[in-house]
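Look at the two complexes coming up: subunit A is in both, with subunit B in one and subunit C in the other.
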Partner chain A sequence: MDFLNTLLIGITAGSIYSLMAISMVLVWRSTRVVNFAQAGMALLSTYFGFEAVTRLGSFWIALPVAMVGGALVAALVEMILIRLLVKHSSSGPIAGVAPIIATLGLLGVIRASTSMIWGGQDVRIVGPVSNDGYTINGTTLVFSPLKLLILLTVLVLMLILSLVFQKTNIGLALRASAYSPEIARLSGIKVDWVRTLGWALAGAAGAVAGMFQTVNGNGTLSPDSIEFSLLLVSGFIAAVIGGLDSLIGAVIGGLVLGLMISFVLMYISSGLFFIAPFVILLLVLFIRPQGIFGAKAARRA
Partner chain B sequence: MHKKQSRDLLLFILGGVVLYFLSGMVDELRVYQGASIAVYVIAISSIILLTGYSGQVSLGHGALMAVGAYAAAVARIELQAPIILCFAIAVLAAAIGGALLGAAAARLSGPYLAGTTLALAIGLPSLANQFSVLGGEQGLLFDVGFPPLSLGEEFTQYKWFFWIAALAALISMWAVKNILSSRYGRTWRAIRGNEVAAQLSGINIARSKILAFTISAGIAGLAGALLSMTIGTVSPSAFPLALSFSLLTGAVLSGITTLGGAMIGAVVLVAIPEVADAVANRIGSSERVTTNLPGFLVSALLILTVLFVPNGPVEQHRARKAKKKNYLS
Partner chain C sequence: MTLTVSNLTVHHGAICAVNQVSLTVPAGKLAAIIGSNGAGKTTLLRTLSGLKHPTQGEISWNGENIVGTKPEMLVRRGISHVGEGKSVVPELTVKENLELGAIWRRNNQESKESIENVVSIFPRLGERINQRSDTLSGGERQMLAIGRAIMSKPQLLLLDEPSLGLAPLVVEQIFQTIRDLTNSMNLTVLLVEQNAMGALKIADLGIVLNLGSVAVAGSASALIDDPAVRSAYLGY
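The block that comes next holds the complex of A and B.
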């Protein structure tokens, strides 16, 4: 029973990490920036969701509110910060580190501002269904209706996203701009706007990850909570395991990471909460420095 | 070259003398802040060496500082080692950690490296809870002892801290400056400029990168031990992720390739909490604004610097002057 519990917890957590990793990959593909502020943006959108829940009372209205809020914030960040960054700091010794530093700064700004606005009070988001585990043959599982719902929603979102990418013109434009901005521009794609769109999609995906991470945890929301540090690290690690460039890779990376963390905590030690993802990351990078699904040549960005 | 070096040495000694007299004239709080500035100068110079010269990013220097601090504290408690030896052990332990991390880092680049070191910064301090010898969440005491009596009765504990930290800062700045102008420094700059060209001219890329990480980590370890000296304890909470970010901010504010600018970044980092306090008091805001204002200011400053003065104030000034000169002639 322990084994089944661990497996199911790992898959649920992993699906949330997958969403986070997808948003990192979307940003990386559109602007070649690893957005360390992604978890911060997810945090901010989750607060939007919290405001919606308290005002309107329904989780299912709050989720789209958080997504739209997250998308708007991300689009604004791309239009202001990233475009300025490309303009001002794309040469000299700082060029390689400028995007990293700028997004870290953004993370700090978002953390501090959310603490100023919502900090110090008990902020709770109640999930749409119960988080009490199912009972089978008299034993209670950790797996609950809420966790099932999270899995299903993540699955549906991924399906929609892959349909958008494979079957629509917008998806084609997104893929073309990621593959070669120059050629995309020559064939009449407005690459700048496609980039903004990529960020907006990432913001929406991050918002869902933030909302689910909160209700899947103990329901409380705080800028300094472990849940969001974990989202920050895991989203990145899952994306890197998958190769940063591949959406499928991000999904698999997230699931692998969720499962491995879950099993390490269960069978080795629960004190390894933060060090386990790090060890997993190092292992993967030692075997394949470009991630499992990454392009052959090592990236130099 | 020789002449320039002895002139630099003279400048460093002169700086030490000025600091000595200054420390006698200001009150205790300022002396304490002076010690903090010295610690930050050391830590920032380690980032400048790594990021500005060898072109590698580390968001995990807070963790390397923790390694140094714990090593020093354990040496002090378990072996009753003299202070100087404690600091040497701190440097050594962090350098070994840095060599391991550097071996991983040499295979990675750009965002991969940044993320790996980020995960380290979050993960490593929590590891202290796993071993009882490291004292768990409470941490360890790190006591460098009272100042020697020969310095007089008036000589306070903080002044003693300041002396140790300032001396360490002068020595390590001196060392870093020399390393950067040695052939290793040139090798790193060559790699940062163009890795393929550097390799073609016979530079062993991986070895140079690992060396840069090792040296930088050793210096960070020294800064960590000094930091815990001024606090008096070593605990996981003294080395939060925010510390690693502050160091990066300090380095960017100083100018990522301007070693001499390390002072600017360090002063700003120490001054920001005070400025934030003053601002918060002036506008009479609530407690949660006051506690978060320093973090907000550090991060906002970081973004603004990267956007508008990407190479640091010193470099910017130099570039403007050069441009003006070209224009005139």
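The block that comes next holds the complex of A and C.
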């Protein structure tokens, strides 16, 4: 029973990491920027979700509200900050890192702003269903209706995303702009807008990750929430495991990470909570620096 | 529709890559631009398609100055550029690469018809339609790159070294196809080539670029017979 429990918890947490990793990958593919503000943007979106839950009383309305809010914030950040930085720092030693450092600054700005608007105290988001574990043969699992719902929702969202990427013209434009921006432009694609769209999708994915991370945890939200720091680190590690360039890699990277953490905590020591992800990251970087799905092979999706 | 370039100058930083170039390609004609490495051929082509900004000069297409227009907008005005080195997206399938060329039309029906048209020109692409384009041979990739450009239904086709790295037999096929397309689609074509002889044989006009400037220009057959051009670029 322990094994099943550990497996299910790992997959649920992993699916949230996958979403976060997807948002990192989407941003990386559109603008070649590692976005340290991704968790900050997810935090802000989750506050939007909190406002919607509080006012409208439904988690299922709040989730799309958070997604739209997250998409808008991300699109604005790309249009105002990243586009200018990439354009103006096109040469010199700091060219490559300027946008990345800017996202670190942005993370601070977003955290400070949320704390100014919503205060430093915890606020609560109530999940749509119970987080009390299922009982099988008298044993109570940690796996709950909420976790099942999270898993299913993430699955559906990923299915939609992959359909959009594989079957629509917008998906084709997103992929072509990521792989060969010049050929995309010569084919008539307005690559600047496609980049903004990539950021917007990333913002929406991050918002879902933020909402689920909050309700899957203890349900509380605060500007300096440890859950969100963890989300950033885990999302980044999952993205790196997957090769940073591949959406399928991000999904698998998230699940692998979730499962590994879950099993390490269960069978080795629960004291390794903060160390395990970094050890896993180091192992991946040493053994397969290009990620499991690294290099061009996985750039299909 | 006529392409007219007047006094075009383009810089790479401090280096002047194209210097006061003027040339005219009348509608429906195929012009070959030849010259050695570093003569400014690629830079000229990239400026014509909007990828690079000129320092000064004018580019007139269909009577309008197109300097400063972005490449994605120039496609909509009938200018298609096939970049150097088999300009395809390796991660996409053959079909997706072709669809890319017509994506700005937002008309899937028309796109399908254009794909059928391209496949009738290049049957090999039809056989490999669902393969990833990095599994294609060099020649097939060049066909795909030209096919993608044709998908946009261009009036002006800019080709950058389509013969690069291809076997002689394939080069001949590609050149013949370019000539055929020029006639059948009534295209205006600017063909940049290091393979001077091959290019001049199919071209109507020839332009020799040397260190960023036009050294000689005239009818392609006159250039082939020009002793100076022969010894410098044709090697006999």
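As a working rule, the second predicted complex is superposed on the first by the 294 of 301 C-alpha atoms of A that agree within 3 Å, B and C clash if a C-alpha of one lies under 4 Å from a C-alpha of the other, contacts with A are read in each partner's own complex, and residues count from 1 in each chain.
The rule is short, and it goes like this: contacts are C-beta pairs under 8 Å (C-beta built on N, C-alpha and C of every residue); 3 or more make two chains touch, one makes a residue touch a chain.
Bear in mind that the values here come from a model prediction, so they are computed numbers and not experimental data.
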Task: Using the touch definition from the top, say if A:L197 reaches subunit B (first), subunit C (second), both or neither.
output: neither
Query: First (subunit B), second (subunit C), both or neither: which does A:I100 touch?
result: first
- request: May I ask you to name which of subunit B and subunit C touches more residues of subunit A?
  value: B
Message: Contact-wise, after the overlay, does A:A176 reach subunit B, subunit C, both or neither (first, second, both, neither)?
response: second
Query: So, A:I9: does it touch subunit B (first), subunit C (second), both, or neither?
result: neither
Message: Applying the document's definition of touch, where does A:I125 land relative to subunit B and subunit C: first, second, both, or neither?
response: neither
Query: Between subunit B (first) and subunit C (second), which does A:F278 come into contact with in this model arrangement: first, second, both, or neither?
result: first
Query: Where does A:M67 make contact in the superposed view: on subunit B (first), on subunit C (second), on both, or on neither?
result: neither
Query: Which parts of subunit A are in contact with subunit B and also with subunit C?
result: 299-300
Query: For the complex, which residues does subunit B have touching subunit A?
result: 51-52, 55, 57, 59, 104, 107-112, 114-116, 118-120, 122-124, 126-127, 129-130, 192, 195, 241-242, 245, 248-249, 252, 256-257, 287-289, 291-293, 295-296, 298-303, 306-308, 310-311
Statement: subunit B partner, complex, touching residues on subunit A are 28, 34, 36, 81, 84-85, 88-89, 92-94, 96-98, 100-102, 104-109, 111-113, 115-116, 119-120, 229, 232-233, 236-237, 240, 244, 269, 271-275, 277-278, 281-282, 285-286, 289, 298-301
Task: Would you tell me which residues of subunit A are touching subunit C in their complex?
output: 169, 172-173, 175-176, 179-180, 182-191, 296, 299-300
Message: Quick check: in the complex, which residue numbers of subunit C touch subunit A?
response: 49, 51, 70-72, 75-76, 80-81, 83, 87-92, 96, 99-101, 103-104, 106, 108, 132, 134, 148, 152
